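What follows is a short report on a single structure.
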């Protein structure tokens, strides 16, 4: 599903013979793949297989043990991507609205924070402190970063964790919209998210 | 699926016209149910519906706004139950084995810690610090409390979160074994866990 | 009386007219006491005119301690009988008590500058008053740090009660301590050596400050009750 | 009973294993006492007169620094939920945590006060009394600190708030402890300190447990 | 630029909103300075000689108490991951966090040093210089503290470890700052302090950012 959209440079990711290790133990070796604009790649693997490690390596937080990661059409990879990890990155005392404001500033977000809240069903919660959010509401807030500041590459680690059926549908919608605009999505999942993957990577043995 | 087992007193829970509120807002009212030994009750509801609130109220952490919770055949309800919440309750620097040892002491656990680790597929990780566990491995460790110290009532909040297919199967196995012994299980879930529920409660509007 | 007022509705009805009355009484007593003390009472034979600070200093010292005792009682009621109005009362009293303590400290050190030749002396009394002030600050800070009001009320009540136990201990230990090293201070005017002609204005001022406390307390409490009502209405509106 | 032993052992492991082991509070304490002569300048007499009692302040602040996360971490990560389901009463579990803190931090600190006091020009014959006074004082600080830590467990960045709450309560032990360090009324001050420690350890866990039960909400 | 403004505003909101607002560091500071005379006894002359420089120690320890969670919380909750994806360099984001800390904690503390210095028997004519010296000193402490906080962010209960790392670097500002409080070489000491503050604010964020990049692993 390659498409035209606002990401004019249309970045791609390519991994060549990637191998990663944690705590001295090799998790996987010689993983290669190429992600084109509009692609949605699902990363599968059992608990502890290395899905999170792979995503954090792609995001640049971890150094690979071997092989290489190439970003095409992205001058500064860290500015071309969003990373949604297991941790939501919320401050318990701050309100939903102030998280949105902060992220808009931090990532140079262009879109109205209200729209982002809307797309994830948070509009009624804008003034609530993050501390008082339910698990699924907190996850939605974390996902709202994707919509808040348009970036072409999304690295998502179990993005649907704690979401209800409605939340999963919203997530599928924004992923589809993102692909339609030429963005690309890599998501580690245990169960299919909804959108048809263009490729499935399985890590671990 | 009522059954005979080691929980000789066979506790039951009954809720009468329960109503709970958070932050001054009523989440649900006049919820009534009765859980018999061997029952498995699934609690459903959207994000923010009040599943966690209900479970924490049953566990005694929160006071209900109205109605009452009756434990039958359980002198001290807090000693008859296990609560597995969204948080895993792990200390990053301590090893898996030392968590098991601590819980065995804290809950007066009777079963060998090695068996508990075995049942959740953690045997290879006993010496690893909790900090180095993957999300699913950490969840398995948290669930191992259920096996470690036999208690008749299990209150589980999205217990399958972050588990892979294999982990979910292990969870279904221990739930079935628990029911066969006359224990009872209440679990908040977004997707069916596997075991056939004896009842489904839906909270929220 | 107290059980009667424990009902929020009755409290609101009562305080609606009682608060202004106490305020007027306070202003009247202060209006009598202040000029009496400032212009018509004798200057101290030794301290001269500065002794007049006493009329501000001593009543605030008394009531800053009295208010803490009041908060302790209210906290106990709030904790044991889960009475919301008692929590509100304890919280409403704290900033007033802290202000009284601050006024006592400030007037005391203004007084100390000419009489002792220093702004501050680590005397037992001064030290325990400073400790009381810090305890007030801690109590207020705890309240404002916890958003859930019900939880904040009970946690602050626990702290307040522990502080109640501690206050006499501080006072006793500080006294013991400053007798160890006798300070070179000249705390001349002891309670008994006060000239009878100073008693009148002093008691007028003390009564005035007590009425002021009562009035401010009720006004603070009314504001808190109104705020809670608005909050409740807002939540009900959000549900609908 | 074994719940208390398990709690004690776990907390000890957490405190010795986590942040540089037993070296860390020791380093803080020695560091803080090192700052005193730096601030006061090298005058020997001044230091001899003013220094030794400051050992007690350094010790109080060292304990303070360990208090913030004592219950906050348990609340955030869900461990507190587990403690509430133990057959042992929460009061005793809290006491077990306090005991672990005393062993992990109080004990090394009291021992380190010997070289610190000497560095601050305390007369050597007073050193045993100073160490003993700190052993008692640490217990009093911890008993009080449990309450402060429990009351502020739900507060983010409660570190400074806890200081505000706890420091006025630290005053009495400091007064009597510094009397020991100053060499005055040593015997009487020590027995008063012992009384404080007992009272703080008896009442502290009760108030702290009451507060923690509320925090689980 | 707006990433820096956003960071500054957020951190300010976190610090003023979380733990009792600006009252808390103020209370800590006043509490700590109150302990000093308690420990030294009320002797006027001793206090006048030894007291004022201790304002600086109390201030240093107050800053220290706020440092532990500065980056640790960001690391634990995943916020650090986000900061690394900002168009602004991490160095400047760290500097923005430091600036927020200075405004939220340094500024009120420097102002509170006026009454504290008086309570510790500093001569009133020195008070403005003491306040000014602390304004500079707070900047220096924060610049240094950023590094300590960043290096220990991954360490549980790093509070005491951070003290160990940071206190030796606090020594030079404390020496010059106490000279101001003691009334010696005021002008020269102030300009040295200003130099320290500048250097710490220039180098601190660079070292801290380097450490934080490693913490994200």
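Chains here go by letter, A, B, C, D and E, matching the order in which they are written, and residues are numbered from 1 within each.
The working rule: a residue touches a chain if its C-beta (ideal position, glycine included) is under 8 Å from a C-beta of that chain, and two chains touch if they have at least 3 such contacts.
All figures in this text were calculated on a predicted structure; none of them were measured in a lab.
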| item | value |
| --- | --- |
| Shortest path length from subunit B to subunit D (each step joins two touching chains) | 1 |
| Chain labels contacting subunit B and also subunit E | A, C, D |
| Type of subunit A:subunit B copy interface by residue overlap (half), same or different | same |
| Mean-CA-position distance for subunit D and subunit A (Å) | 45 |
| Subunit A and subunit C: spacing of chain centres that average the CA atoms, whole Å | 56 |
| Centre distance in Å when subunit B and subunit C are each reduced to the mean of their C-alpha atoms | 49 |
| Cα-centroid distance, subunit A relative to subunit B, in whole angstrom | 30 |
| Numbers and ranges of subunit D residues touching at least 2 other chains | 14, 18, 73, 152, 155-156, 158, 161, 164, 167-168, 171, 175, 179, 217 |
| Residues of subunit C touching at least two other chains | 127, 131, 134, 137-138, 141-142, 145, 148, 174, 177, 180, 238 |
| For subunit A, residues that touch 2 or more chains besides their own | 86, 91, 93 |
| Residue numbers on subunit E that touch subunit A, as the complex places them | 2-3, 5-7, 9-10, 13-14, 17-18, 73, 76-79, 81-87, 216-217 |
| Sites on subunit E touched by subunit C in the complex | 18-21, 23-24, 26-27, 30-31, 34, 37-38, 41-44, 47, 118-119, 121, 124 |
| Subunit B residues touching subunit D - in the complex, by the definition given at the top | 59-62, 78-79, 81-83, 85-91, 93-94, 98, 101-108, 145 |
| Residues of subunit C that touch subunit E when the two form their complex | 109, 118-124, 127, 130-131, 134, 137-138, 140-142, 144-145, 174, 177-178, 180-181, 183-184 |
| Subunit B-touching residues of subunit C, taken from the complex the two chains share | 148, 231-232, 235, 238-239 |
